[in-house]
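What follows is a pair of complexes built around subunit A, which joins subunit B in one and subunit C in the other.
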Partner chain A sequence: MKTLLATLALTTALSAPALAAPVTLTTNLSNYGGDGAYLALYVTDSKGVYKGSLWMAGGKAKYYKHLSDWNRATGGNTAEISGITGASVGAGRQLKITLDLADALFDAGYELHIDAAVEDFRDSPSEVVVPLTRAGANKPVAGRHYIQDFTYGL
Partner chain B sequence: MKKYLIATTFLAGIAAAGVALADDDDCNVAMSNWQPREAVKAMAEAQGWSVRRIKTDDGCYEIDGRDAQGREIEVKVDPGTLAIVEMEYEDDDDDDDDDYGESRQNAAPAGSVAPPDNGLFTPGSKPVVKQ
Partner chain C sequence: MLRILHKVPGLIAAILIVVITLSGTVLSVLPAWEVVAEVPSRPEAGLSVATLVDRIAITYPGVEQIKRSPSGKITAFYFDGGQPGAEVIDPATGIGVGPYQRSGFARWMTNLHRSLFLDDAGRWAVAADAVSLLTLSVSGLMLTARRVGGWRHFFSRLRGPLTGRLHVEVARFTVVGLLLSSVTALFMVASTFELIPEAENPPVFPRVVSEQTGAAPGTMALLRDTPVSALRELTFPYPGDPTDVFHLITYTGEGYIDQGTGEVLIWANAGLWQRVNETIYMLHTGQGAALLGVILGLMALGAPFMAVTGAMIWLQSRRARPRIKGNTPAGQADTIVLVGSEGGSTWGFAATLHRALQEAGHKVHTGAMSGFRPERYTRAAQVIVLAATYGDGTAPTSAKGFLDRLAALPQAPVMSLAVLGFGDRQFPHFCAYGAEVARLADQKGWTSLLPMGTIDRQSPQEFARWGHALGEALGHPLELSHSPMIPQCQALTLVSRRDYGSDMQTPSAILRFALPQTGRIARLMGRGFGKFSAGDLLGIVPEGASVPRFYSLASGQADGFVEICVSRHPGGLCSGQLLALKPGDSMQGFLRPNPDFRPQANAKPVILIGAGTGIGPLAGFARSNRPGREMHLYFGARHPDSDLFYGEEMQDWQGDGRLASVTTAFSRTETRSYVQDALRNDAARIARLINDGAQVLVCGGRDMAAGVAEALADILAPTGLTPALLKAEGHYVEDTY
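Presenting the complex of A and B:
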């Protein structure tokens, strides 16, 4: 009986962190010389099908259409980003978010996308697309226009 | 005579300003084509919003209330079609002429917000943001 309890305690202790892990998403913006950038961070499966949003930087829903891949996938539905919406991010600034994410997201073919938009500048959908793998953690990925680099840390 | 001239110029000035303001309207629907307030209320409730006040602003209906998640909203609605012209969260800055947002004015929602149940997050976990 004691062994059973001990085994149970051990497996519980082991399986708990296997279900969820705090993941830190760090986005550094380049000095593009414009206003604060709107960023949508979201996850797709390996076929590019939208699974859900992780963060929305920028509070005004009327600008979300400029995050065009995210907007197409969600129909601009703000319920997708309820509770995970924050401020837009200034040029040259850093956005660092720590989220408790399902462990099943890693090494399962999922990809993290970042759409970026800046007022009076070109929209930049899927500026960053990075496969979510344990091996890829802590390795900065460069963006194209507004994002200097993006890193996810486990 | 001079007084009369001054008065006329003054009145003309006011009239011109009035026209200029009218041009700024977000909606432009003839009064006869306006839907009743009850229709606006029904439309808002169909969206899951709770309505605190319906007023008219810039030629549109404007709904003040809360969305299904409880966030304060301000929604401009076309008075003829009841289509959403503009939707704003009250915790944003209000200035329309503003840029996309400045971090200091446009702070992240604080407190007991929880991420959506989209299968990506651990239920009950809270995001931590630094910027």
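Presenting the complex of A and C:
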């Protein structure tokens, strides 16, 4: 898995080389009865200011505007997700990614967002918003429309 | 080349095309269905988005987004007690009429249609399919134009076998839709894969907002100025997020509205490219143009139909035409054999010639005369033209366009030319088309390899003789031993015969054979006797001959028997054998369709004109006529006591209305009258009938047909019509011998 240490270290202006540990992000989609969902996983600070992207599920950039919060924060800049893009996720399927996240991101007020969009269905920006805390690890959080639950495991 | 371009992708892509077009037809109905069944009411004229939002907000305070589909269906997405909901809204009240659900069926069908459930790989396959459909449409258009003799005649009446006619008939009315759908499909695939530029960038989210909340949507100027009919979607700001804004997308553009002040923060009009994109999407899906969608969907049904008829045509022509083994490409051959054939028999001679030349060490290319391209024959030393004659010297089907192309050449081709004409000496204009080819080539100064040869009635002996002459010219021996290809014959057993004419020294008879029994499998394989109607031809190969003779059928399959009318020709081998048959005896025969010679499928009157055994098919038409359709028979015979074929039936058919009138003319009675005299006597009625759109069917000897044409020309002169004009419209058809 591509390390996010560098990008996140830069955007969060953490000067000292941070310690990083592998984190597993598990997203289970519900059976919403539609085509595959586009998902954008990204981190903001406690005020909602975008810090960096973790993963983009969905290959066609023309649809990214439907991930409207992510799109708004990044201006749709695909450089933000260069190398961390995969296929869209079918209804009822699971997206599981493991990546190195800086330790400093936890218990520091950062939030993980997931924007979701499905063809011909309503867009669902910030479908999941979960604070990154060590205590919150391994505790499933439900989404609003398409995400059955989301868990990050340390 | 054009034919290959039409045939090969057609056969390969046929199955896929059937799947894609059928699913397309199903999908085409959905936008219309949405308009008819799912839109609760039309908004009152001038209803603004502001008013609509106010109405919806009363029922759904947690509304997040309002969408209007091109059909006019308005959907509100809302949150209520932490639960998301979606309702179809009646714009008159703002109240939901039912939950919004995206139909699983539509989604399934859409995915089949655009990707065969195979995602991107499937999309490429479907795109390739659209390319084949486009290729087929374009090459088919050009083939049709060629077939009917030019673009100006594109919608003229078609002739020839039924399958081919149906194929072209359906094609010319559906090709517009297929072209439109395949081109828009390719555009949409290109758009999906981002191969063409996206529409102009949408406006970016505003950097600066008032960070206030609370402006009521109903008071916002832009929403008040926007009619509901222009709305696409309106997205509300997040509750509790003062930095968020209203996002409005309409048919004219999109922009953002401040939730505190109600002011427009950013607005961008839709660009030209975006409108092009949207129009193409509409043209392909019918969303926003439901009626067009249904029409295109119906036209798409033409594709599976043409896939089936196209495959049938291909099979039929494969069967009719012998396979040329080892055909050298035109650019590498030293000898080019060009074939002008109508029914396919000349191809058999070509195959024999091809084989013999090949054995003599030549590299031979054999093709249709219509594919004449001298600039490609870069290595050819000679061109050999085998040309049959169709009708009165017109080009046979596979030679269409040859003379024009030859005439258009700036100079004669460098290789030498040999022309061999095929025909029948019984007809005037014997080998007329071949002679015309030779004449034009000579006029052009094209070097002749040997003088033009002729073959009478497919004679293998004459062909072999010509082969010797050709071999001499080429400087090596050439043996052409040709046995004409005769379709598989069935034994026809005579059931009964009625004899006529013995006192006039011309024995003749109506011969009735039992319907040959063929197994179901043989029928399916196309090996049976086949379906037939009166007017089709029965080929009989007499014993001791290799060339079939043809007789017009006086019965259809529905009659349950095979009937022909035969009179003895002096020295006639076939008629002699037929007239010697006793009930229980049998002859070998096969069927050849003659689809142009029969009454048209309409309710217009029909005038049947015939003499002698030419009465056969006409009697068949009368027998299968339904009372109510006006059918007049003019029949010429020698003497009422001698050769009045079907005399009794004619009375019966007149009695039950199948024949409106019967007029006879006898040449060996005191009156000495011919059928054309009978026509002239009835001039007023015939002119009136033809003016009313009556169809004229003539069957009999050549001289009689010429006399009839002359009489009709005189009769029609006052009306401004001519037999030639009627012929061109298919209102005047001859079957002569």
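The rule is simple: the second predicted complex is superposed on the first by the 136 of 154 C-alpha atoms of A that agree within 3 Å, B and C clash if a C-alpha of one lies under 4 Å from a C-alpha of the other, contacts with A are read in each partner's own complex, and residues count from 1 in each chain.
Criterion: a residue touches a chain if its C-beta (ideal position, glycine included) is under 8 Å from a C-beta of that chain, and two chains touch if they have at least 3 such contacts.
The shown structure was predicted, so the numbers you read here are calculated from the model rather than taken from an experiment.
Asker: Counting only touches as set out at the top, which of subunit B and subunit C does A:D35 meet: first, second, both, neither?
Answerer: After superposition on chain A, A:D35 lies in contact with both partners, subunit B and subunit C.
Asker: Per the contact definition in the header, classify A:K62: touching subunit B only (first), subunit C only (second), both, or neither.
Answerer: Once the two structures are laid over each other on A, A:K62 reaches both partners.
Asker: Mind working out whether A:K96 is in touch with subunit B, subunit C, both or neither, as first, second, both or neither?
Answerer: Once the two structures are laid over each other on A, A:K96 reaches subunit B alone.
Asker: Looking at A:F106, would you say it contacts subunit B, subunit C, both, or neither? Reply first, second, both or neither.
Answerer: It touches nothing on subunit B or subunit C.
Asker: Now for A:R72: first (subunit B), second (subunit C), both, or neither, which partner does it touch?
Answerer: second
Asker: Is A:R122 contacted by the first partner subunit B, the second partner subunit C, both or neither?
Answerer: The second partner, subunit C, only.
Asker: For subunit A, give the residues common to its interface with subunit B and its interface with subunit C.
Answerer: Touching subunit B and subunit C on subunit A: residues 35, 60-62.
Asker: Show me the residue ranges of subunit C that touch subunit A in the complex, using the header's touch definition.
Answerer: 64-65, 67, 77, 84, 86, 102, 104, 107, 111, 191-194, 198, 202, 204-205, 235
Asker: Which of the residues in subunit B end up touching subunit A in this complex?
Answerer: 67-69, 71, 86-89, 91-92, 99-103, 106-109, 113-116, 118-122, 125-131
Asker: Show me the residue ranges of subunit A that touch subunit C in the complex, using the header's touch definition.
Answerer: Per the stated touch rule, the residues are 33-35, 60-62, 65, 68, 72, 75, 120-123, 144-145.
Asker: Under the stated contact criterion, what part of subunit A meets subunit B in this complex?
Answerer: Residues of subunit A touching subunit B: 19-20, 35-38, 43, 51-55, 57-63, 78-90, 93-102, 105, 117-119.
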